[in-house]
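Look for subunit A in each of the two complexes below; its partner is subunit B in the first and subunit C in the second.
Let's look at the complex of A and B:
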């Protein structure tokens, strides 16, 4: 019994750690989108702000990147799903002895590094472009086409895997039955096979879109005049990142959660309806008076979906009305005060030290390296005497109130250096 | 009877690689007939149907429908409709959509389709169930939907591949009569496949008995049952007792067989083999269990059989006696229960008699597996 509860406990702890590991970074990143400092951070919390969302939507390059990503994603979805379906059909039709070889070949792009795919796409199509005598800005080489083609090389394989799984459950006799009833091959495909494949096609399309949206290493060679979101982000990060990127991440997380919940809700709904139909009597079905369960009945996903949607709307509403100006002004005021206080403190220390030195000089023992330039802004920071002297020797060190509380850290505190701590660099 | 469209198979061969699935089949099926292919599992029945419906090209020979060679004509252009062994109803379509799929192909409006579906649903005794999905029907109902779907295409020839095999006995018997009624009502040619000889006998105008890709015999139920052409046909259709031996003397339509166990016996040579059997030929004689009668003990002659009784059973309408038979197989005798007294013979030798016309002789050959 005890062992059992122990096992349970460790299982829960494991789960907790696991989810913290998975979701922690996302949660923290999302939180930084609402904090006012210009560098994304969660502590110290300064002011709740929605400013970074505004900044995001004013950023032309990000917006353009999103738009390009959507264009590329749409193209990739169409191309990859079509190629994946063709590949999957081929796999079920091909002469059995060739099947394993064919499968290996068609799966290979997944195993090839994206970088290689990107380079080879670029080189290959550049050749073709030149063979056709087209310029550098032709549709073949301006980036959109190349990126779609490049990404599809391996995303099509993913799609095929998804589609093959469903196709294996397809009874070829259904196609034969359609043909037998007079359908052409095209009609049999469209009216029988395609509807059967629809759920898998939807999954493959979502998968393809997501894979395309997040792709970087293939796209980086092919994007040309169409930098996608990932490319733009990567370029931005080189010049330092702002919470606007956290805001984007937050939006993506929320959209993902909503999409996942919507999907789950509709799945559950379908299950419930199917169960109700199964239980229904003939009379009920005939008269069409079958009581289908309500949308929210025993469907937690639907309830959660509505809750998330409500919260989103509420937050957006608050954001429209809320202004953090006052808070930011307060924080700035406080920072100014703190800075002033520091300067005062500094001056006071300098005064003290001068007094001490004067006292020592009074004893007619000149210090070997008496700092003559104690008037410099760095105070005694560079005074070797200061460095050698232990910081505890200075009575002010203990009195220093909350040296780390301000965003500027201890930059203005020369004592920090003497302690040899890294605290001085934190505010950088 | 020849109102409908007939089907002819001429020297039909079908090979899968080296494997011969159908060997030189010659069959003439009259228009409007209920024709059955009867044979054990794997003998090539489905293969023949697929060749008729156009899913398989013959490796040799011809398939003619209504006198026209079907070579190069795809399944969607042939006047046939196939009811698949596993039905192959479209799982995502409602019953009425399933039934009228052939009309959708031709571009009929939803209203027309619904109307036709209702008529057909009435015919298959499933009125008002058009809104269900196939998965919401019972096995027998699905069966009927498959039939309605095929009939909706208004084929000249309906091909049925063991459509009743998945059903339980009661439902199967019910569906037999129903199928037969439907066939007589619509008056089109039915080609029916089964490995159940009862099904074939009760429903068919004509039957082809198949064995491992070869058609052994074609004839109506009575001919197949009473006058088998081969040892296989005799042993596959209904219960039969076999006596192995050699032809000792041919006397017109009859012959004297020297059997391995039961002495010399006289029997009729089956019509397909008359004039073809000579003295010294290995032969098999078949006598049905119900063709025997008890004879006085110790009677001898060319239509008496004496053997030891292994065990007996009472079946209600008959007493069954199982005796030591030929080639390790038991000899079965069925005495109709007419209320007579019936004593136990277990362990004793008893003597049976039969009428010569009820015993048939065929050349020795392969028997159907039990």
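Let's look at the complex of A and C:
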């Protein structure tokens, strides 16, 4: 029994560490979007601010990148779902001897590094372009075209895997029945196979869009004139990071969480409805008075979804009304005070050091300085020591009066001569 | 027309059949096979300005591969020590990341697959959500944490474990953490899929026979999960050896990933054939390594991606 609880405990610790590793970075990154320092950091916390969201929406390059990403994503979804579906259908009817080779070929792009895919796409279409004798600005060397082609190469493999899983449950007799009843092949495909495949096609399309949206390795070689959001982000992150990127990340995290919860909630709801139908009596079903469970009943995902939505609305509302100006002013005031204190501290240390120097020099210097001072009216202007000291001593000249109590003392102070050096030079 | 093609068209109709065949051929030949061959061909050519391509100087040469091994001609060193060191370090680090991920992910995949209940679905959601977020942003998040004034350093200094901030980025710890982080799901998912289909009774039976906890895993679960483990490891290894974003963002100033060298050849030096040669070397080495390991553990290629 003791061993059992020990195992339990270590399991929960392991799970805790694992999910902290997985989610911690996202939480911290999101938090930095609301902190006011210009470098994204969570500690020390200065001010709650929403200005980074404003900075994000004013950033032309980011907005342009989002638009390009959507264009590329749309093209990639269409091309790779079509190729994935054709590839999956082909897999079910290909000549058995070719099957293994064919499967290896269409699965390979998942394993080929994205960098290699990007390079091969670039090199290959460049060559085609040259063979056809087209110029450097033809559509074959267009960044949009190359990126869609390059990404589709491996995203189609993902789609194929998703679609094959569903296709394995399809009864080919259905298509044959449709054909026997006089449907054309296109009709049988559109009216029988396609409706059956629709859920898998939808999830393949979502997967393809997400994969395209976040792709970096392939796109970085092919994007040309169309930098996608990921490319823009990478350039920003490499050459200096700001909390505006955290703000974008926060928005993406929230959208993701909402989408995931919505999906989960609707799945749960379907399950609950199915369970209720199964439990219902025949009379209830026939009379149509079946009590279906409410949307929120025993559906944690729906409850969480509503909670997240409420929090999002609340945050957006606060952002519209809240102004961090006062807090930022306070923090700046505090920083100014701190800086001032630091300057004071520095000055004091300098003063101390000077005082020490003075004590040391006071014993050594006056001996040679005194004779020269007495022989000429120009004081120490020609004294060997004073030119060297002049540049350093000048800033401290203002503080002189505080340090010296007597007017006579100045003559014997080696630093005092610095002030006279310029005057002496002019006098000559 | 060969008989199987005729049958194919009879089965799918001429229009649908040719559309399907056209798409598949475009994908396999036009997007997968020809570009790879074209890259291979390109890597054996000298770097020439566009007007000279196809001219008398455009001949096959091993120069680009020689460069990786021996360095520039007339160089002071016998071998291209810098690039070779980066190459081997990339491979070793990718293997380390793979092993680390396997150790981290096997227990969680086993737990998720063998436990039922509502909280498992929450865990699954929590696993998937980070993977809907951009790769760059994930690396960026880790950079916030591992930076000189980052959360981790502030915490460690605050707790008095370190006197001065520890430079995680220069010591490549951030890079390894980032690579491991990036591919967790790709390791968990295949293992989870396989273990989920394992009959719980087999584990119960082994326990009834008196097998210890470690023995159950060694004799029952791991042999059964081998296809999943191998496909997870293959994916993580290939992807982390070919990663570009994480090394660019999280790598220290001195540590170059091999893909960064390829990137430099293409974008900074504009030496495409050289870059293509490096890419071919990376691809071939990775494939050979994976095949060797698969042979060692007796796994089939067909199991990948299931």
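Of note:
Note that in this section the second predicted complex is superposed on the first by the 334 of 428 C-alpha atoms of A that agree within 3 Å, B and C clash if a C-alpha of one lies under 4 Å from a C-alpha of the other, contacts with A are read in each partner's own complex, and residues count from 1 in each chain.
Definition applied: a contact is a pair of C-beta atoms (placed from the backbone, for glycine too) under 8 Å apart; a residue touches a chain by one contact, two chains touch by 3 or more.
Everything numeric here is computed off the predicted structure, so don't read it as measured data.
Within the superposed three-chain model, A:195 lies in touch with subunit B and out of touch with subunit C [touch as defined at top]. Once chain A of one complex is fitted onto chain A of the other, the partner contacts of A:277 are limited to subunit B, with no touch recorded for subunit C. When the shared chain is aligned, subunit B comes close enough to touch A:171, but subunit C does not.
Which of subunit B and subunit C touches more residues of subunit A: that partner is C. In the superposition on chain A, contact of A:184 is made with both subunit B and subunit C. Contact with subunit C, but none with subunit B, is seen for A:221 once the two complexes are overlaid on the shared chain. Residue contacts after overlaying the shared chain place A:104 against subunit C, while subunit B stays out of touching range. Of the two partner chains, subunit C is the only one that A:82 touches; subunit B does not reach it. Contact with neither subunit B nor subunit C is seen for A:38 once the two complexes are overlaid on the shared chain.
Taken together, the two structures place residues 184 of subunit A in contact with subunit B in one case and with subunit C in the other.
Of all residues in subunit A, those touching subunit C in their complex are 11, 14-15, 18-19, 21-26, 28-29, 32, 39-43, 82-83, 86-87, 89-90, 93, 95, 100, 102-117, 119-121, 123-125, 127, 130, 149, 152-153, 156-157, 161, 184-186, 189, 210, 213-217, 220-221, 229-230, 233-234, 237-238, 241, 245-246, 248-249, 252-253, 256-257, 259-261, 264, 300. If you check the complex, the residues on subunit C that touch subunit A are 4, 8, 11-13, 15-17, 19-21, 23-24, 26-28, 31-36, 38-39, 42, 50, 53, 104, 107-108, 111, 118, 121-123, 125-130, 132-145, 147, 149-151, 154, 181, 184, 234-235, 238-239, 241-245, 248-249, 259, 262-263, 266, 272, 275-276, 279, 282-283, 286-287, 290, 301-302, 304-305. Partner subunit B is touched in their complex by these residues of subunit A: 171, 173-174, 176-184, 187, 191-192, 195-196, 277-278, 282, 285-286, 288.
The part of subunit B that touches subunit A in the complex is made up of residues 53-55, 74-76, 80-82, 84, 86, 88-92, 101-102, 104-106, 128-129, 131-133, 136, 149-150, 153.
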